[in-house]
Structures are given as C-alpha cells and as structure tokens.
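The data blocks that follow each hold one structure.
Look for chain A in each of the two complexes below; its partner is chain B in the first and chain C in the second.
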Partner chain A sequence: MTGQPSTTLAPKASRATRRGRPELYTDYRADQAIWNTPAKRFWTAALVLVGLYLPFTLSRDLTGLLTLVFIYAIGGIGLNLVTGYAGQVSLGHAFFLGLGAYTAAFLGGEPSGTVRGLELDLLIWLPMAGIVPAFVGLLVAPLAARVRGLYLAILTLGLVFMGEHLFKEARTFTGGPGVGRAPAEPVVFGYNLYARQTILGVELPRESVFYLFCFALMIGMAILARNLARSRWGRAFAAVRDRDIAAEVMGVPLLRTKTLAFVLSSFFAGIAGALLSVVIGRITPENWNLLLSIDFLAVILIGGIATISGSLIGAAFVVLLPRGVEWASGYVPFIGGAGGSGFISVFQLQGILFGALIVLFIVVEPRGLFGMWLRIRNYWKAWPFSY
Partner chain B sequence: MVHVRPLSDTLTGTSVDLPAGQPIIEVTDLELRFGGTRAIDGVGFAVAQRELFAIIGPNGAGKTSIFNCISGVYRPQAGSIRFLGEELIGQRPDLTADRGVSRMFQNIELFDNLTVLDNLMLGRHQHLHYGPVAGMLYRGKAQRAELANRRIVEDLIDFLGIEKFRKFPVGMLPYGVKKRVELGRALAMEPKLLLLDEPVAGMNVEETEDMARFILDIRSELDLAMIMVEHDMGLVMDLADRVMVLDFGRRISLGSPEHVQRDPEVIRAYLGEGDSGPSLEEQAADAEALAATEEVTP
Partner chain C sequence: MSTVLEPTAPSAGAGLQTLPQRIREHATRDPQRVCMREKRYGIWQDITWAEYQEHIELVGHALVSLGIEPGDRVAIHSENRPEWLFGDLGIVAVRAITVGLYPTNPPAEVRYLLQDSGARVLFAEDQEQVDKALDVEADCPSLEWIVYLEPRGVSDYDHPKLLSWDDVLARGREHREADPSLIERRAREAESGDIVTLVYTSGTTGPPKGAMLTNGNVDFATRVLVTEGGTYDPPPTSDDVLVSYLPLCHVAERAATTWTNAAGGVTVHFAESIETVTANLREVQPTLFFAVPRIWEKLYAGVHIKMNAASRFKKLVYGFAMKLADRIGEELVRNQGNHTPTTRLLYAIGYPLVFRALRDRIGLRKVRAASSGAAAISPEVLRFFFGIGVIIYEIYGMTENSAVATVNRPGRVKLGTVGEPHDGIDLQIDETTGEILTRHPGVFAGYWNKPDQTREVMDTDGWLHTGDVGVWVDGTHVKIVDRIKDIIITAGGKNISPSEIENSLKTSPFIKEAVVVGDGRAYLTALIGIELDTIGDWALSRRIPYTTYRDLSEKEEVLKLVQKVVHQTNERFARVENVRKFRMMPKELDHEDGELTATQKVKRSSLFDMFGDLVDDMYGNRTAFAGGDLTTVHTPEHSDGEMEGAA
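On to the complex of A and B.
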C-alpha cells in the first residue's frame, strides 16, 4: 500500500446489517464521533426539541430557573475542564465569574453617577467577558502549575478573597460593597435579549427570550468542550491528572497543558459570570464569594467529574434542588416556611440537604449522577443477565 | 478488509541516518547523588543503532536511575548524555521525548481512566500538531490528524494483539495486557531509542515468551535502538547484543552475554564472595541440629 492509508475499513453496511448493532462502525470517523450511536443521536435531538419548546409553555419563573441551569452548566463545564479533566482543584472559580460579570458590566452596562459603562453591543462584551478572565487565568496559571492538591486548593482560595476585596475597592467599576451596579445590557444590534420580544409570531416574556439565547450558547460551548475533551488536549489533560511524571515522559508539556486548562476554564467561567449577572439584575461584590465556588464544585461532583453531560445534569440538580425542597415542604408537616414555625425551616433544610448530598456522592458514587446513569444503562443493556 | 501493514510502514520516524560508527546515544562519566549516596558513579556506555543493549545488576544498582537520567526525570550532577550528538542533561522530559526517546516503565505508568485507544493516542501527542482551538472545533486539519493517527494506533493494536481491549479503561485490564499496552504506547511515540524497564517483570512463562517475541519483531522490523533493564537472565542472555552489569552504581562489566556470564566480578556481585557466609560444613551441621529438634517436638 502506498500513500495515505485509508481510515475506512469497509463500505458502509446496509441498513439491515446495522439494525440492532449500534456499535458497528466501518470507519474511524463514525467511531470517534460525539454522538456515535443512534440512541445518543435520537435522545439528544429529543432533548433539544423539548428544550426549545419549554419557554413557550412554562411560567416566567420556571423559565428563569432553567436559564440559570444553563448558565450554571456553562460555568460547570469550565470548572470540569480544569478540575475534572486536568485534575487541578480550583476553589477560585467564583473570582473568574465575577471578573467576567464586571468586564461585561463595564463594557455593556449603562453609566451612572457612580459607575462607568460603555454601553457596547453584546457581541463585544460577551467575548470580552470570557477573554479578560482567560487572560488573568493565563497570568495565574504559572503559579498554580507549580503546586498541586491541597496547596493548589489554598492558592485558588486566596484568589477568591483577593478578588472579593478587589471588587469591593474598585468602586468606579463595581459600585462598591452593598451598593453594586446594574449588569450589562444584553443588546445585539438594538435587539434586547432580556426584554419582551415577538418570536415566530408568539409574544414572549423576557425570561423566555434570554432562555433561548442561553440554551443555544450552552449547547455551543458544550460541544466545543466535548470536542476538546476528545482531542489531543483532552487526552493530555487526563494524562496530567492521572500521572503527571509519566505524562511528561510521554511528551506532554506540563506547564503548557495546565495553563491551557486554567485559561479555558476561566474563559467559560467569565461567560457564565456575565450571563449570571444579567439574570441576577443588580450585582454586588458579595455575589462572587467562596459559596459560589462551592456551588460549582457541587455541580461537577454531583453531576460527574470529567464529563460534559454530567456538568449539565449537575447544574440542573444544584439549581433545581432548592426549588424542589421548597415545593416539597408544602406537603411535609414538620417543615416550616420562611416565618420560622415548625421543626426546621426550608432554608436550613436546603443547606443541610446540599451538604449531605455532596458527602453522599463523594462516598457512594464518585462519578456522580452521570455515573449512576451509566450504571442504569449498563444494567438494562445486559438485562436480564447481571453481567 | 483489514490491511496489515508492516511496522516499518506505520512508524516511519524510528530510523535515523547516522554516519557509520556513530552511536545513537553516548553516556559518559554519569554521576547521580542523592545526598551522600552515589546512585550512579561514573558510568559510561554507548549504544549503536539497531542494537539491543541490556543493563543488569542487583537491586539498587542504579539501572532505573540511568533511565530516569536519560528521560530527564532526574538531573545528574556530572557527566553527559549525548543523544544523536545533542546533550540531554538539563532537558525537560517532554522535549527529550520529542527528540525520539520513549520509555516503558518498571511499575506500569499507564493512565488508568483512559481507554487503551486513548493511552496509545497519547503516545502520539507530539505527532498531532493542531492547537487547542482546532481541537475545540474538531474539523479539517484536527480531524484528519486524529483519523490518520488512529490508523497508526490501530496498526499497533493489531501488532500487539489487544484488539478486544481497545475500548476498555486501562485500569480494568490484567497485568500482562497492561504491559503490552505500555509497550504499544512507547512504540506509538515513534522513538529512535526505546527504553524498556523490566518488560517481563512479574510475568509467567507464556507472557514472557510473548513479550520476547514482540521485542524480536520490533528489532526485525524497525531500526530503533533499545536499552533493556531486566532481571530475567534467560531473556537478557537470549536477546541482548551486549550487556552492561552495574553494582552499587558502578559499571563492573560490559560485553557480549557470554563474556559477562563468565566475568568473575559479575559472579561475585550476584552470588557474593566465596568466603563470606557459613561454609558447607557449618550449613550441614545446622541442618542436622534442626532435624534433631524436629524429631523431639511432636
């Protein structure tokens, strides 16, 4: 054989041959695809269709909540790149979210007597909300790449506190503690994405419009991250996570790989922060504290380390859990409302459940909800046999 | 329609044009100290292209330390390691790998959470030249590179006979298969020099024979040089062109397997001095005493 070897093994099999054999591949391209089985293609399409339909039927409140899920998913994917895939624990995620939010607010927000704003288009402030944190990530990465494990956690923890202080002091950008400022206006060519609009002849509330935007963005960024994960860089991340010395001997440059992980993670965090600020409405420096970092750690721990779909599941879980508890509390007698009657208040219960679930997942199913899904899937694949 | 290509077609980067007589790697007066301990003490050797060079010696003699110096994990205090005429000491491990040195580890150092396929593709890391943005888009150049390298990796999977484990996470595989995967990953790097650190350690006879067969196949199909550290003397004496013997960090013998086997220094290092330890008469007396006590106790 001469020249470029073929990556196709055989002509495409007929429909009848492929039926019931989802893993019959005749070329490497199909094998390496993201959606490499008919079932995955079907369910992804179905979920996307449902996702597109929801904002037309759900209440404004629930639509807003689901938008928050998508935003958390973007941030969670970012954290999963650095902590899940590359194995570099980061408690500093909230700092990068805040940085993205303030970059966006400065570039896209309205100026007032106390804070600056340039009122630029979303097409400028949204990419910049990713690029500025990514650049800061690039500056921090060489420091962070020198330490690992517990020391890295403390180092990134310092980042959150430094950031919070910075946000409090830079009053002309952030409005200062307790006061805050208005976020960026999501305006594309004069078309406001967070205002009542008419789409396909249906008049939609602002929550639904922004929902659709975040949904599309989340899908796009998830695909980018998933592609990266199956590329040489994703493998290098995993190699650095599993055995860094062996990775280096195999030709993976440690510093460059870790830096890339931090930069990408900060980019995703910045975008998520900018979108989050739009939903929050008025942002204060206190929004970007350690608790937010922990929220995102919970997203990836509960959803599943080193999986993109896991980040989405985890985001849904973390965002929807408090609402679910609130809803359930109406039916359980000893839980009191916000007033303080009853054995335990809803807010206490939310906090306790949240902590307990993180502990439970680490102990019982470290692969998170995604791991549970894999187990269920494998059980039914093998059913009725146990192996 | 599976095309089985000879390894030399798959891994074209393993041969190098060297002037006759120039070694592929030349180590001189290598010295490595940990505090007061001299792990390697003035060791020197040269390996020619296509040669299989074995390093043997008792535990702690410094064999693996030499590998760690070559691949850049340790930085020796003195001496030089010239690979294709260029100094390797002080070089970052990934750049050393990039130049054409690859390695199999003594204690398997595979990436347990990745599949066999991904582990082998990781060996191709330096041969895939696209950047992170191209990776995120996964189109055009990046995808073509992935597919072409997948083909190469599949050839290696064929060669090593691990087709059925292709999509398994490496952590789940049995020991013997892991060793094969590790050999595959080292080969995937298209090395000009392959370091084998105890390739058959802990293997049974059949697995050892398989590994020996792979090493022989690599020799016959590729131009690369190999340095092998191994305790299995049968394997070393059968396969190696030349053998170097280390003891306490010093080179005590170097030559053909036959020469090394007869070298009195080597025999002393492995079996000890003739007059140390109890003599035969003393041992016999001890054994009799032991037998006597055993008769008394019920």
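On to the complex of A and C.
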C-alpha cells in the first residue's frame, strides 16, 4: 500500500454549494479568521479607505485630532490587553507612556543645554520606545503577578507616583518639572514625517503626513493585538481573567501569562507615549500623571473591555468629546466660553460629562460602546426573533 | 427468493445502473469534488467522491473477508453519518443486503430485526447500540460480527465478535491486495433482481415486516424520484445542497439522501444529531429540503414560540408580514402554487421586511424545492410556508413501492391532495374498497420470509395494494382518506376516517397527539396528548405553575384550551363525525415504551391496551380522569390514586 491516493488531493467544492452560507465552516482557519464574514471584510475595507481619504480633505486641526485618536487607540489597545483580556487592573499605564516618550526623546531628540539627545532615526527610537517600557514591565510583572484586584490597582498606582518623581528628578533626560524638553524628531532616513510633504502629487500639511503614519501603525498594531487575542496566549489571558485558579489547574502558567500581558501592554503604551510626545510638542513630567492613566481606563471602559475595535471607538470618544462639547457650547445658551461667562464653563462641563459618562457606562452598559454596537447587531441578527 | 412473485418488468435490464456504479462514475469523473460533509469537532469536514468510493471498496472487501456471500444480510444500526452510506453501498457493492435499524429501536426490537433478517454482520454506531446488540446477541445465532463505528466506551469491551471500524478498513485493504478485482467482478455480476435492502415497515399493527427492494426497484425509483425530478423539480444537480437527518433506514430518507446524492451528485450534509438539526440547517442553508409533517409542524411551532417572546416592535412588523403571508398563501393555494402578479408584489414587500430573515433563521432561505411526505400534513402549516415563499410539494409513496406513487407538481399543486401519479406508472383506485393500487418496476419483491403477507398486498397482475383509501380529486389528483384498517365504523354503521379528524385536531400548535376512538360505539371520543413546548410556554405566560407533563395536562386551563380546539374541529365536520368527549393522555407517547413506531406513528392497538381505562371512563360516563366533554371540563378526582391506575 502506498497510502490512500485520494486523500492526498485537496477536496474542492463547487462555488454554488458554498456561496451565501457564511456559517458553513469547512476548516478552522476560516472559522477563526478575524474577518470571518463577507460583511466584516467589506466594512473593514470601507473604513480603511475612508481613513486614508480623510487627511486629504479635513482641516489641519481636525486631522491632528484624529491622529490623537489613533495614538490613544494604540495605548488603549495596550491597556485592554492587560486589563481587558488578562483582567489585571492597571492604573500605571501613564508611567509606561511617559517612559516611552522619554526613551524616544532621548534617542531621537535634539540635545539642548543640559538635556541630552542622540538624534537617532525613527527606525531606532520608535522600537526602543516600546522595548524599554516592555523591559521595565518585565521587571515589575513578577511583583504585580503576586497580587490581584484592588491590591494590584494600588500597586500600579504606586508606579505612577514613582514614575512622576523619577521624571522630575532625571533632568538630563526630561528637562525637569515646568521646563520639559522637545520630543523625538520623527525622521526616517532624512524623510520627516512631521513636516509638509508631497504625497501622490498632493502637497500635505505635516498633520496629514503624521496622520497617515499613525493610521498605518495603529492598523498594524491592532491586527497584532487581535491576532494575539485569538491565539493560544489570548485564550490563556481570558482564562486567567475569568478564574485564575481554574486556569492554573488547566495548565495555564499564571506567572508567565500575567508577565506577558504586562510586557505587551507596556510595549504598546511606550509606542503610544512616543507618538503622543511628537503631537504634544514639548513634554513635561506633569504630562504623565494619574489623570492620563484614568483617560486610558476611560478609553477601554467606554469603548469596550476586551475588544480591539472597542479600544478604537473609545479612543475616538474620549478624544473627540471635549471638541464636541466645545462645538455644542456655541448653541447652548447657559454654557459659557473659556472666558468664564455663563452658568458653567466648557472645561467644567467637559470634566462633568466625562465623569458622568464613566459612571453611566459602568452602570448601564459595562461592555461599553462596543457592547452597544453588539446589542444593535444582535437585534438585527436575530430579526424577526428576539433571541 | 422462491417465494417472490414474478417481478414486474424491470426497467430495461441493460440500462440498469446500480448505486455503486453511480458512485464509481462520480469518483472517476470528479474524484476531488466534495460529495458530503459531516460536522465533527465544530467544523464541516469534507468528504470527496474518491473517498466515498474508497470506503465503499474497503467495506466491500472487508465484508467478503468476513465471509459475507451474495444475498447475505448485513445490518446497520446508526444515526445518519457518512459511515451509514459507506456501509450501505459497500454491502451492495458485494451483492449483500443492507438492513437498516432505527437508532431508537429498543433491544427487544433489535433482537426481532436481527433474528428476522438473519443478519451476519452488524454495524453498530456507538456504545449505546453495541450494548443493545450484546444484550440480544445470544438469541441471534446468525450474528457473527459487530462492527462499532465510535470506539469511545467500546474499545475496553472484550467480546470475540467485536470489531472496530478501523479494523474493518484495515481488513478491507488487506483483502484488496489479495483480490483487487473483486468489486469489479461483483459489479458485473449484479442483476436487476438482486435484493439490495430490506426496509422494515414501521408495523403499526403487527411486528415489522422486511420489504425486499431490488436493484431494479431502486434504479427505477432513483430515475423517477431524482433524475426525472419526481421529488424535486427541476431535478437535483451537483450545485444542490441538502441536510440528512431523518432515519436512513426509512425508504423516504434513503431516497432523499443516498439516491439523491448518487444520482444527482448533491452535496449531503450530516447533521450532528437530531437536536442540532435546526442549528445545522441554518449553517448549511440547503437548496433541497424533504421533511415529514412533524418536522414542518415543529418549524412552524418554533417560529410561533419565538415570535411570542419577541419585542413589541418585532411582533408588530411580523404581524404585518404575516398578513401578507396569509394573502400570498391563500392566493397560491387557489392558483395551484403558481405565482400571480399580486403574490409577487406582496412577496416583494414582505421579503426584505421579514421573509428573508425568517427563512434564514429557520434554514430555508436557499430552499428551491421542498417536499413533505410519509404522513398527512395540515393545510394550515402548508399555507404558512407557502406564504413565506417556501412551496412544499406533498409527495406520497410507501416502502413497498419504493416511495414511487404520486407527487404534487410545481404549478399544479392541490392542497389536501398528494398530487398526481408519477409519469409512466400505473395507479388506480379500487372501485369497491377505495384502496389505492400501484403497478410499476418499483414495486417491491415481497416481504422477507413472509410469502403469505406478500400475497395479501400483491395480486397476480402485479398490482400493489397500498392499504390506503384514496379518492380522485378533479380526476387528476389523489387525496388520501385513511389507512384502510383504521377506518372507524360507528354503532350507527357510519364509516368515518379518524385521521382526518386527528389531523385537524393536531393543526393546533398545542396538540401533539390525538387519537380518535369510536369503532363500534355510539359516538366519537378522543385521547389527547399536549405539545409540552407550546403549552408550557403558554402556561408560563399565564403564570400557571406546573411540575410534570401529566400535571400540566390536567390543569383546568389547559383542559379548557383543548376543549376549544375540539370545538373548532367539530365545526369543520358533520355531526356524526364530532368528537363528544376527550381525555388527556397522562404521558408523552414514546417509541421506547411501544406506543409509537420508530417513525413516530401511533400504534393504536397498544395504545388502547395502555389507555383502555381512559376510553372506558368516557363511554362509561365517569369522570375519573382529566378531560371533558363539549360543555364542561374536569380535573381528576384523586390524582394520587389514579397515578397507579394508569401506570
């Protein structure tokens, strides 16, 4: 016997027997694919096209805002990996963002006065901006893996305070409190990503150029995270989140899983921090405080715990909300401008709304905006039934 | 074979195409094409024509190596799965005879079937079926080997007759090396008169009888039902998809799965189990769908239950769409299943609103041809499916004529009839008895080892007496009245068909079983079994607490509900045909307990034995058991005592 000749040939099925049957999975690859239905493929492609088209039409101001959305999304995805997927509450995200920003600034920034800078290429400082925080995450993880819940939250909170102190004191790298320093220069082989450039025959302002760079990076990192989430490690994350003891019994190594979650999360945070510093322009140690951590918690809470697309939606919401309120204030009489006239100022309203929304989401829709989308989708998915 | 009556002219001996030949043709033409899929470990695993052919050969060789000779019987006791087809065709490929057993057959019936058929090898699916076989193996001297398909739980068994499926395939490979031309030789020797399968009839009256179907019968039926579009019109092609889920030992599913696949090249999907059929249908979205009325009714009831639980807005939209569906259904029925401009317009409105989604949810979105057979289906259910765009063609046939008798043709549908005789067959209705007679090359070769009973149904002219009373409608369509032996003759001498009344009662989604009693009595009564799902749902929404099936059956509210259904039915019938009293059956009827046949048909005789006291209660003018008459209902007097009484 030379084996069965028939089984070595790949089976083929006529198109007519497959078409229009999205749930008929004949292999695991299709079943587990990120874009497992034609509808998902279509809408993702459409959104990417819209994303690519926007910087050619939007104002510089709005383009910059959307760039911020992508940067927040990268950071949010990082936090979602450790907090959403692996269930390890972290308030220390701001520390890792700061670490990434200063690593980038040191490696890629200009030296001035006592502040040091090596003026290296983006291809060096950007990866390093991820790797250095990841390494620090690796050092912290064994400590963090020992505790959970409230204790872990407090432990990571400690990181933020230690970090803030460290940033204030390390003046040669950070410029010190109140002074700050210039960020890294996003230059790839002499090509500046944060300067006016001509792309496809269209002259674009620097915001649009950087927008395109961040957009591509965000998509790449989102796919990376999504792939991780549906891999063996992603399932290990979820197992640890749902019940760590049960996970350990099933053979999921707790320490290694939690460590990986921290390391990856820190890597994403570092990248986001480095990009953020470029947009901010001049960074001071006060940028990386607890409030920034809370911003990112809001991103994943409002967007949706343990979803990648939710992180993006949440980032958009958190970044665009202040602008939306500002815009709306022009039409609502009792909101005053920045000057202080009226019953309540725009900034006060922004703060109040932000807090109220976090409360509201936790109470009404803990799965966030993505959960709302799921609800809408399921409503139509079950049509005309209700379940 | 000596007992067999002269077989009616086989369809052109030279042109005979046996099922193994048809598979071989596919395997040579498109070896890599997928011919079936089986859902295992969460995904649909492809099986190609070449693999099908390979397994048929291996099973054939293995059987010969186990000593199976032409004409020997080999039994298959399994749910639908690829191995059923591999086994069946492998058996036929070496000219042996396939005997199908229902997966629900209890050990006693397994014993009877194995003894009666004299099967030498048994393919048993899993531990459950192997246990049944081992229970009765001592009483079946002819049984030499038990082949199990699923090793789980069985591989530890130490029994000299046990063989695993893998062992069988390995044996097959070995034997093929030694005698590579065996299958071809046997294929050449195959004759039209070779018996290929024993299909045991359900046996509502006596023990099951094994109907012998020959190569000629199967070939004729395959041509009529499949290639000439008898069941699905236009005929099935390799672009069609179907789900196999009804028991394959029944002739209807054998036609719908094995024959349709072999002749039409249709891709067959095997449902994971009977419980997952609804989910599997949704994934597969078959283009051809054959179901028995019970399944259609369940689909229909399922839609109702789910819509009752839907949100207000969804209900509103659904209600509107159902108004459209009612109009469409009625118009289609009036117009023999042909669309008119009105129905097309209404359908175009309803399709994006509800019909498309609804059909998608129940897995019928891509159905291009649907049929119902094996029992009478209620017109209400048909109208509903017509309305949402699934036109169901009622088809009639029986084991003894290889399921070839009549069908409703597209554009010539008459509701309440089973359609027109297939082209090229003889069908007549006996003028004195009203019995339907058929004569064609699909008429079986007789009952296995029962020449007397064969003579009872086959006359010397080759006419098969179906045992069904029928009438002509408009001279073209046949309407089935009832089984001849079920006709009730009341004390007043009036002939009444109980199944018409029973089907009318069962039209209600609340009633699962209804048995009309009244032979030799002054008036008709009925035993009623409720549909637990729908009544349970109904009780829940009315906050009526209940514990068991029996407890729910005996609730006063439920009795009133049943009484209403009885009233509605009575309005449709003449006074003598009215049901005057009813009693609730205290348990769900079940195959295991001998109240239903394997095909879920009520065994009247055993039912009257079991629930005789309920009948006596009605005709003795007592009210000891839960039930009612046309004016009042009553719950049992002292339920504790009755429990033992009924058991």
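As a convention for this text, the second predicted complex is superposed on the first by the 366 of 387 C-alpha atoms of A that agree within 3 Å, B and C clash if a C-alpha of one lies under 4 Å from a C-alpha of the other, contacts with A are read in each partner's own complex, and residues count from 1 in each chain.
Following the convention adopted for this analysis, a contact is a pair of C-beta atoms (placed from the backbone, for glycine too) under 8 Å apart; a residue touches a chain by one contact, two chains touch by 3 or more.
If you're wondering where the values come from, they're calculated on a predicted model, not measured in any experiment.
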item: Touching partner for A:236 - first (chain B), second (chain C), both, neither; value: first
item: Partner chain(s) touched by A:286 [first = chain B, second = chain C, both, neither]; value: neither
item: Which of chain B and chain C A:365 touches, first, second, both or neither; value: neither
item: Touching partner for A:264 - first (chain B), second (chain C), both, neither; value: first
item: First, second, both or neither for A:249, with chain B first and chain C second; value: first
item: Touching partner for A:384 - first (chain B), second (chain C), both, neither; value: second
item: Which superposed partner A:228 touches (first chain B, second chain C, both, neither); value: first
item: More chain A residues in contact [chain B versus chain C]; value: B
item: Partner chain in contact with A:28 - chain B first, chain C second, else both or neither; value: both
item: Shared chain A surface residues [contacts with chain B and with chain C]; value: 1, 4-7, 9-10, 28
item: Sites on chain A touched by chain C in the complex; value: 1, 4-7, 9-14, 16-17, 20-21, 23-28, 31, 382-387
item: For the chain A and chain B complex, residues of the former touching the latter; value: 1, 4-7, 9-10, 28-29, 32, 224-225, 227-228, 230-236, 238-239, 241-243, 245-254, 260, 264, 306
item: Interfacial residue positions of chain B with respect to chain A in the complex; value: 1-3, 5, 9, 71-73, 92-94, 96-98, 102-103, 105, 109-114, 118, 121-126, 128, 130, 132, 134-138, 142-143, 146-148, 150-151, 154, 185, 189
item: Complex contact set, residues of chain C against chain A; value: 31-34, 37, 42-48, 50-51, 53-54, 173, 177, 238-241, 267, 282-285, 306-307, 309-311, 314, 317-318, 321, 354, 357-358, 361, 365-366
